[in-house]
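One chain, subunit A, links the two complexes that follow: it is found with subunit B in the first and with subunit C in the second.
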Partner chain A sequence: MEFCAEPAALEGAKWWLCYLSTPKHQEFYFSFLTVLALIFLVAPITLLLGFGGALARRSSFLPLKWFGQIYTSMVRGVPDIVFFMFVPIAMDQGLEYVRHRILCPEMTGPVYQGNDFVVCTVAKLPLSISPQWVHETYGFFLAVIAFSIVFGAFAANTLDGALNAVPHNQLETGRAYGMTNRQVFRRIQLPQMWGYALPGLSNLWMILVKATPLLFLLSVEDVVYWARELGSSKSSIFDYPHPDWRIWYFAALLVFYLLLTWFSEKAFTRFRNWFSRGQNSHTGQIVLEAG
Partner chain B sequence: MKKTILFGAVIAMISATAAFADMQQVRMGTEGAYPPYNFINDNGEIDGFEREVGDRICELAELECTWVKNDWDSIIPNLVSGNYDTIVAGMSITDERDQVIDFSQEYFPPDPSAFVGLKGASDDAINGVVAAQTATIQASYVASSDATVVEFATPDETVAAVRSGEADAVLADAGYLETIVAESNGELIFVGERVAIGGGIGIGVRESDSDLQAKLNAAIDTMKADGTLNALIEKWFEGREGPY
Partner chain C sequence: MSCGQTILDYGLRSIGIGARLLPKTDITLCEQIVLIGSGMIWNVYLALIAVIFGFFAATLVATGKASNNPFISRSANWFIFLFRGSPLFIQFFFGYELFVILPKIGIDIPLGFTTITLETGWFTKAWLGALIVLFLNTTAYTAEIFYGALRSIPRGDIEAAESFGMSGYKRFRRIIWPTLLRLAWPSYTNEAIFLFHATALVFFSGFPAWQQRGDAIYYGNYFAEKTFNPFVAYPIVAGYFILVTLVIIFLFSIVNRRLNRHLAPERRSRIRYRPQIIR
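== the complex of A and B ==
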C-alpha cells in the first residue's frame, strides 16, 4: 500500500494495516498453507503406507510378513525427533551419493572427508544454482516423506488391529456361501474394518496436526517459526519496532489449532456415522433410529 | 511420460550448471535473528551488517551468492553436510569450532561480551542465573563460571528471559545488546564487567573447501585495505570505530 512507504510516520489503524501486510507477515500467512498442505498430503500417503504395512504383516509370504513387522515395530519404537533428523538427512545424502557416482564417475575420492560430506557440484540436490524456492520445496517433500513413514507405521498397526476385530464368524459365513478369500476380504472384512479403525485413525490425525511444528527441525519455516520470529521484540533497526509480542502471535496459533481440531472432530463424526450404518453397534443403532 | 519429464528436468539442470560454470555458486548460511549482525527485515529479506559485508565479498571474489536461513543450533552440521557453503552468522573463531570447520580471517574484531540485567540489578546478578544462547561461546563461558546457565535457541529469547525474571542476567556480544539496552527505556542495564571471550568473527567454511577460503580471505583483505569494512562497521554499530 502506498501510504506504507514511511512506517515511522504512521499511527493507529494505518500502522496496523501496514504492519500486518509486510512481506514478512505474508510469509507468515503463507506458512499456514504450508502446514495445511503438509497434513493433507501426508494423510493419504500415511493411509496407503499403513494399509500396505497392515497387509504385509498379515501376509503368508514370510519375507513380506517380516518386512511388515520390522517396519511397524521399528519405526514406532524410534523417537520422532531422532527420526525426523535422521530420515531427511540420510535420504538427502543417499540420493546425492548415488548421483555423485553416476554423474561424476571420474571422481573416485571418498565422499566423506573428515566431517565433510562432499559430492561434485552437479550431484548436489537441489543444485546450488537452483533458486531458493526449489530448495524449500525439496525440503518440504523430504518432510512429507519422513512424516508419512512415521505415521504410516502407526496406521499399519491400527488397521491391522481393525482387520482382526471384524467378527470371525462373519468371515466364516462368507466362505460358507462359497466366496473366495479375496471376496471375503473385499466384501465383508474391508467394509467393516473402518468402523474399528476410525478411533485410532482419528487419534493419529490429531497427533499429526499437532506434530507440524517439528517441520522446523527440517528447515521448513512453519507457523511456529514465524510466530516466534515476528513476535520477538524488534529494535528501531526494523521498520515496525515493537516489544515482545510473542504471546499474541501464539494466541493466534492457538485459535488456528483449535479451529483445525473442531473441523476435524466434525469430519470424524460424519465418517463414523457413515461407516456405522447398518452395523449392530451403538452408533449404528443411533444412526438407524435417526433415519 | 513421467520419466521423460524427470529426465528432461535433469538435463535442464545439468545444462544450467554448464551455463553458470564461469561464476562459482556459493550459498551463504546465516541465522537471521541477531541484529545488527544479521536479521530478517520487514520485507522478509536477510539484512544487516553481515549481509552487506557478504554481498561485497561475493562481488570482489566474483562469486554468485544466495543467502540461506538456518537456525543456529544446526548451523554447523548443515554446513558440513553441504546444504550451504559458508556460515556468515556472527560466529566467533574458536579452537573448538576450528576442529570441525575452517574459518576465513576475521571481518569483525574480537568483541567483549556484556552482561545485561533488569533495572536495579546489582553486579552480583552475573553470578546468579545467566541466560545465553545455545552453542555459543557465552554459553560455555557461563557454564564454566560460578553462575547457573540457562540456554535458549534464539538470542531474543535470552533477553526475554531477563525481562520476565526467569534469568538474572544475559550474556551476549556487546554489539547485539547495545541497541536493546539503549531502547529499553531504562528497563535494562549493563551489569558487571565486560569479558573478553573468543576471537574475532570469521566466515565458516568446510575444511575441504580451502579454495573458497582463500578467495574469501583475499576479498576481506581488499575490504580491510580500502576502508570499506571499517565504513560498514561504523554504519551498523553506532559509536564504534573501524579497527582495520
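== the complex of A and C ==
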C-alpha cells in the first residue's frame, strides 16, 4: 500500500494496517498454510504406514511380525519428541552417507572423524550452492517423514486394535462358508474394522494437529518461529518499533489451534454419526432414535 | 578420566552440583550416559509433582464439570477445552511470556504465622513456571478422564448409598470416589505416562535452561550436536524413558490391583495402552 512508505508518520488504524501487512507478516500468514500442508500431507501417509504396520504385526512371516511389533511398540515408551529430533538428522546423515559412497568412491576414510561427520562436498544434501527454497523444502520434507513415521506407529496401534475388535464369530462364519483367509479379511474384517477404528483415528488427527508446532524444533520456519521473530521487541531502528509483543502472537496461535481442534471435533462428530447410521452399536442406536 | 570420576562430576550436574563445564571434545559413552541420566532428574521431578497435584485438582474440576450449577460446570468445561484443545508446546511459550511480564517485584503470601515472599523471577524458571503449565495441562486431561468415569458410575451404587442415608461428602468419599478411581485408573495410567513424555518439551519451549542445567533431551541434543552422531545420544535418551515408563506402569498396576481387589478376577480392569491422550 502506497501510504505505508513513511511508517514513522503513521498513526492509529493506518499504522496497524501497514504493520500487519509487512512482508514478514505475509510470511507469517503463509506459515499457517505450511502447518495445514503438513497436516494434510502427513495424514494419508500415516494411514498407509499404520495399515502396513498393523498388517506386519499380524503377519505369519516371523521377521515381518517382529518388525511390526517393534514399530508399533516403539512409540509407547519413548516420547515423540525424541523421534522428531532423531529421525530428521538420522535420515539426513543416512542419505548423505549413501551419496558419499556413490559419488566419491575415492574417499575411503570413515565418515565419523572425532566429533565430525565428514562427507565430500558433492554429497551434501542439499548442495551448499542450492538456493534458499531448496533448503527449506528439504527441511520440510524431512519433517513430513519424521511425522509420518511417528504417527504411522500410533495409527498401526489403533488399526491393529480395530482389526481385533471385529467380532470373532463373524470371521468364523466366513470360514464356515468356505472363504479363504484372504477373503475373510477382505470381505468381512476390513470393511467392519473402520467403524471400530474411527474414534481412535479421530483422536490421532487431534494429536497430529496439536503436534504441528513441533515443526519449530525441526528448524522449519513455521508459525512458532515467526511468532517469536515478529513478537520480540523492535527498537527504533526498525520501521515499526514496538515493545515485546510475543505474548500476543502466542495468544493468536493459541486461538488458531483452539479453532482448529474445535472445528475438527465438530466435523468428526458429524462424520461419526453419519458412519454409524444403521449400525448395531451404541452411537448407531442414538442416531436411530434421534431420527 | 574414569567412569567413576565422571559419575561424581556429572551425576548431579543437571541440578547444579558437580563440574561446571560440560564435556566438549573426546566425548565418551560414559559421559553421555551419566549426563543424560542426570537430566532425567528434571523429567521425573516435573512429572511427579505435576501428577500429584494434578490428581487432586482434576478431582475438583471433574466434579465441577458434573455440577448442576451452570456457572461452575461451564467454567470447568472451558478450562478443560482450553488446555486440551491447544498444543502443550504453545502453552509453554504462552506461559513463559505471561510469567515474564509479571511485575518484577516479589509477591507476599501471608501464612498466618509467617510470610513467604514469592520471587516472580522463579516463575520464568523451568522448575516452577514449566511445572505450573504442566500441572494445569495434566489437570485438564485428567479431569476429562475422571469426568467420564464419574458418569459411568453405576446408578445403583449411588442409590444404595442414598438409601443408607449417606449424602454429600460422605457419599463422595466412600462410594463415588473409590469407584471413580477404579474406572478411571487404566486411562489415568496412560495419562501419567504421556505427561511424563511431555516433560521432554520443557527445555525446548520458552523455558531456557539456566547454566546448562537441562533435562535428558537437552543433554541428548547437546551431545548429538557436539558429536554429529545422533545414533548414540538419542537411543540413550530413549532407553531412559522406556525404563521410567516401565516403572510408572509397575507402580500404577500395584494401585490398580488394590482398587480392584474386591472384584472377581474376570471383572477387574486391566491397564492397557491407548494412545489417545498425548498432547
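By definition in this document, the second predicted complex is superposed on the first by the 280 of 291 C-alpha atoms of A that agree within 3 Å, B and C clash if a C-alpha of one lies under 4 Å from a C-alpha of the other, contacts with A are read in each partner's own complex, and residues count from 1 in each chain.
Criterion: contacts are C-beta pairs under 8 Å (C-beta built on N, C-alpha and C of every residue); 3 or more make two chains touch, one makes a residue touch a chain.
Quantities reported herein were computed from a predicted structural model and do not represent experimental measurements.
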First, second, both or neither for A:Y240, with subunit B first and subunit C second: first
First, second, both or neither for A:D222, with subunit B first and subunit C second: neither
Which of subunit B and subunit C A:K210 touches, first, second, both or neither: second
Touched partner set for A:F117, first subunit B, second subunit C, both or neither: both
Subunit B versus subunit C as contact partner of A:N157, first or second or both or neither: second
Subunit B versus subunit C as contact partner of A:G77, first or second or both or neither: second
Touched partner set for A:F250, first subunit B, second subunit C, both or neither: second
Subunit B and subunit C contact sites that coincide on subunit A, given as residue numbers: 89, 93, 114-117, 216, 228, 244, 246
Parts of subunit B lying in touch with subunit A, wherever the complex brings them together: 13-14, 16-17, 20, 25-27, 32-33, 35-36, 39-44, 48, 64, 66, 68-71, 74, 78, 80-83, 85, 100-101, 154, 156-157, 159-160, 163, 179-180, 183, 206-209
Complex contacts: residues of subunit A adjacent to subunit C: 75-82, 85-86, 89-90, 93, 112, 114-117, 154, 157-158, 200, 203-204, 207, 209-214, 216-217, 224, 227-228, 244, 246-247, 250-251, 253-254, 257-258, 261-262
In the complex with subunit A, residue positions of subunit C that touch it: 25-27, 81-82, 84-91, 93-94, 97-98, 100-101, 193, 197-198, 200-201, 204, 217, 220-221, 224, 226-231, 234, 237-238, 241-242, 245-246, 273, 275-276, 278-279
Touch list for subunit A against partner subunit B, complex: 7, 22-24, 26-27, 89, 92-93, 96, 103, 113-119, 121-122, 124, 127-132, 135, 216, 219, 221, 228-229, 232-233, 235-241, 244, 246
